[in-house]
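First, the structure itself, so that you have it in front of you.
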Amino acid sequence: MINKIVESIEAAVADIQDGSTILVGGFGTAGMPFNLVDALIAQGARDLTIVSNNAGNGEIGLAALLKAKRVRKIICSFPRQTDSWVFDGLYRAGEIELEVVPQGNLAERMRAAGAGIGAFFCPTGHGTLLAGERETRVIDGRNHVLEYPIHGDVALIKAHKADRWGNLVYRKTARNFAPVMATAARITIAEVSEIVELGGLDPEAVPTPGIYVQRVVRVESKLAKVP
Amino acid sequence: MINKIVESIEAAVADIQDGSTILVGGFGTAGMPFNLVDALIAQGARDLTIVSNNAGNGEIGLAALLKAKRVRKIICSFPRQTDSWVFDGLYRAGEIELEVVPQGNLAERMRAAGAGIGAFFCPTGHGTLLAGERETRVIDGRNHVLEYPIHGDVALIKAHKADRWGNLVYRKTARNFAPVMATAARITIAEVSEIVELGGLDPEAVPTPGIYVQRVVRVESKLAKVP
Amino acid sequence: MQRMTREQMATRVAADIPDGAYVNLGIGLPTMVANVLPQDREIILHTENGLLGMGPAPAKGGEDWDLINAGKQPVTEVPGSTFFHHADSFAMMRGGHLDICVLGAFQVSEQGDLANWHTGESDAIPAVGGAMDLAIGAKKTWIMMEHVTKNGQHKLVRQCSYPLTAKSCVSRIYTDLAVIDVTKDGFVAMEIIPGLSFEELSRMTGAVLRDGRVRSVA
Amino acid sequence: MQRMTREQMATRVAADIPDGAYVNLGIGLPTMVANVLPQDREIILHTENGLLGMGPAPAKGGEDWDLINAGKQPVTEVPGSTFFHHADSFAMMRGGHLDICVLGAFQVSEQGDLANWHTGESDAIPAVGGAMDLAIGAKKTWIMMEHVTKNGQHKLVRQCSYPLTAKSCVSRIYTDLAVIDVTKDGFVAMEIIPGLSFEELSRMTGAVLRDGRVRSVA
């Protein structure tokens, strides 16, 4: 019998290795897996590469992971926010490596990783600093840049409901990167607010089929805005 | 006010031009937009390029369009079926051009067209006849073939329900290519069994947001298997 | 001369958005356009964090922090809205399906090059978000910004001195002084606020400006 | 010697599919595996036309022609199933998420090359379907086929003479005579049906065959 539900959040993250690349869901605080990130801090893995849209808000979640000096490098689209002082300080002190990726490329590169696409040409970023030394090509008269997949060792994501097969549904814009990250990581761990019986989700409306999910843990959702 | 619902199926297909590339939904008969294809036959456009998974079943739908000699070329993954005698006859008589594309590439190339991807590298078909003269590249030690988007002038698809914004939901495996084709065509025309009020579809469960749909027409669904 | 207020600028942009248009409003100034959309038009707003059919801000106390816009402010959903994940959302944008995106800018060049993500200062922390995707993705990219900086420096320029967001992507610029089309012949003033002459506007513009206004037969 | 029936072959394949596996069964012979899956294991079937969690054929009269498998036969959905579109379905396959796919074949070479889509005859109508995607997409590609053709010709060969579906993709072959692993050293017989000697099996195999059977200490 398939049962991806893990009883404790500590067990869910226990085997995360030093040096891992970890995809962390969320756009700002919406969809941010706060409980899993807290568990990762407690677990102690270090020298991590984090892939996430932002670089932490306030002093919680990713910001707390950064503050604990566990992160070697962050790949994100928008590190600078009004409440990203933890990241800002580390960056200015030269204590963290930053790779800025256009948000659409961030999503599409993880989608490529999950979909078996070796690389793709896309117009975004052509002629800008972020295209860097990347290969370019004119296709149909338009400039394109060659982009490669971003694979994760682990994805930490938040969903609304799950069943024991790992099928996940989300709430509103908290969906954001989670379904894409789930496809791009070797091990996807989801924190959810509710577990339903198998068959309790509408099969026409499951953004993340369970094949992409290895572990599910039920938690109290931290919905409130960062203070 | 936005109202994509067209009163007659004749009006829905009236402006399809000779020489168009038409993406036709369906996998076998599931999701095949029989009513729209019949309307296209009546409308009379010719010299068409058809992109569809199969090349028609029995004497109806795509097979009838082929029989009416309206199709110059078909791009599909699996023309040969037990009931594809219309296509088989035209092909052997040299009266239709065939491009066979692996099913995953067919889907992904239309997805690329809809997603603004200029080209992508993928392992499927490497070292086979179907890779033809395509560019290849070794990425991460694996052989890949470069594939280009397939754009449609028109997509003809079948859905289950729609609202006046063109939001579409599907039934079971009749979904297949339709959401992908809707993104890849300049004009997407959907036949549906039911029209609901705006707000009548679950916003968490709409595989085809209305932005991808230009016209919707209500019809009696032809669900029955081809005799 | 009375410069347009931010609200007036938003109203001016909104007036040009046709019924039925799919529109993405960038963070900052363009967000204000959502509040002044013409009531008699159905305009569908896209937010790149996964919602088509975004509604106005919720009433105080009605915030749902799972329902936010690209600026991370709470919003609402309208009937007919749909949610999707980030790759699907950017596919919608980058695939050319949005009719218009409205973005802020540091500089726009007469070729339509856009600089709106990085000041180029060496100690600045770069942050691009969806700007590069938006600039190249929509059918039309409009810019909404002050005509000159607070210090009076040009923002409409011959060549952007700031790092580019995208080349040749801007088709129209709405400023607090004018509406300017970006054409193959460069900047063309289509409207100028009352009390400001074309010559004065030209001096506040860092590249050749042509006069494209339709003159009324007086 | 008694060749295995198709049902016996299906049962033999099914026995090797572990609990919790995600599996795609190709059209034709492999479809039969669905009917003989061990009752004490939860095995989730993928069908490339957009369903994960495919169930058995419906009772007569209960067919829903919107719910079919890749062979276009009516099927059912099990609790926990999910539907998705074709690009998502092939992303699932091509992204390496399926544990096993079981395919039929014309020929398999000792390098694991697969030929199963085209006989190479000049008047044949080519039709590939999802075969090329399946062959390269799953973590393991297993083949289920007769050991030799009806005319006694080899199907396990040194080099495929038919056009390839994919190179170096097959890891195991289940025939009506044996279970053969495809290793870097070529074909290795892991099981042979009772009454057939290794030497006889070798003669029916068009490439070098090694004996990999575990001998019981007699």
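The letters A, B, C and D name the chains in turn, as written, and every chain counts its residues from 1.
By definition in this document, contacts are C-beta pairs under 8 Å (C-beta built on N, C-alpha and C of every residue); 3 or more make two chains touch, one makes a residue touch a chain.
In this text the structure is predicted, and so the values were computed from the model without any measurement.
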Between A-C and B-C, the pair with more C-beta contacts: A-C
Between subunit D and subunit A, distance of the C-alpha-averaged centres to the nearest whole Å: 35
Whole-Å gap separating subunit B and subunit D, where each centre is the average of the chain's CA atoms: 29
Per-residue overlap in subunit C, given as positions that touch at least 2 other chains: 77, 83-84, 90-91, 93-94, 137
Where subunit A touches two or more other chains at once, by residue number: 108, 111, 115-117, 122-123, 170-172, 204
Which chain pairs touch, all of them: A-B, A-C, A-D, B-C, B-D
For the subunit B and subunit C complex, residues of the former touching the latter: 1-2, 111, 113-117, 163-165, 167, 183, 197-199, 201, 203-204, 206, 209-212
Touching residues on subunit B, where the partner in the complex is subunit A: 108, 112, 115-123, 137, 139-140, 142, 144, 148, 169-172, 202, 204-205
Subunit B contact footprint on subunit C (complex, rising order): 19-20, 22, 42, 44, 46, 52-53, 77, 79-84, 90-98, 137
Interfacial residue positions of subunit B with respect to subunit D in the complex: 27-31, 53, 77-81, 87-88, 91-92, 98, 100-108, 110-111, 122-130, 143, 170-180, 207, 223-225
Interface residues, subunit D side, partner subunit B - complex: 47-51, 63-68, 72, 77, 83-87, 89-91, 93-94, 118, 123, 125-133, 136-137, 163-167
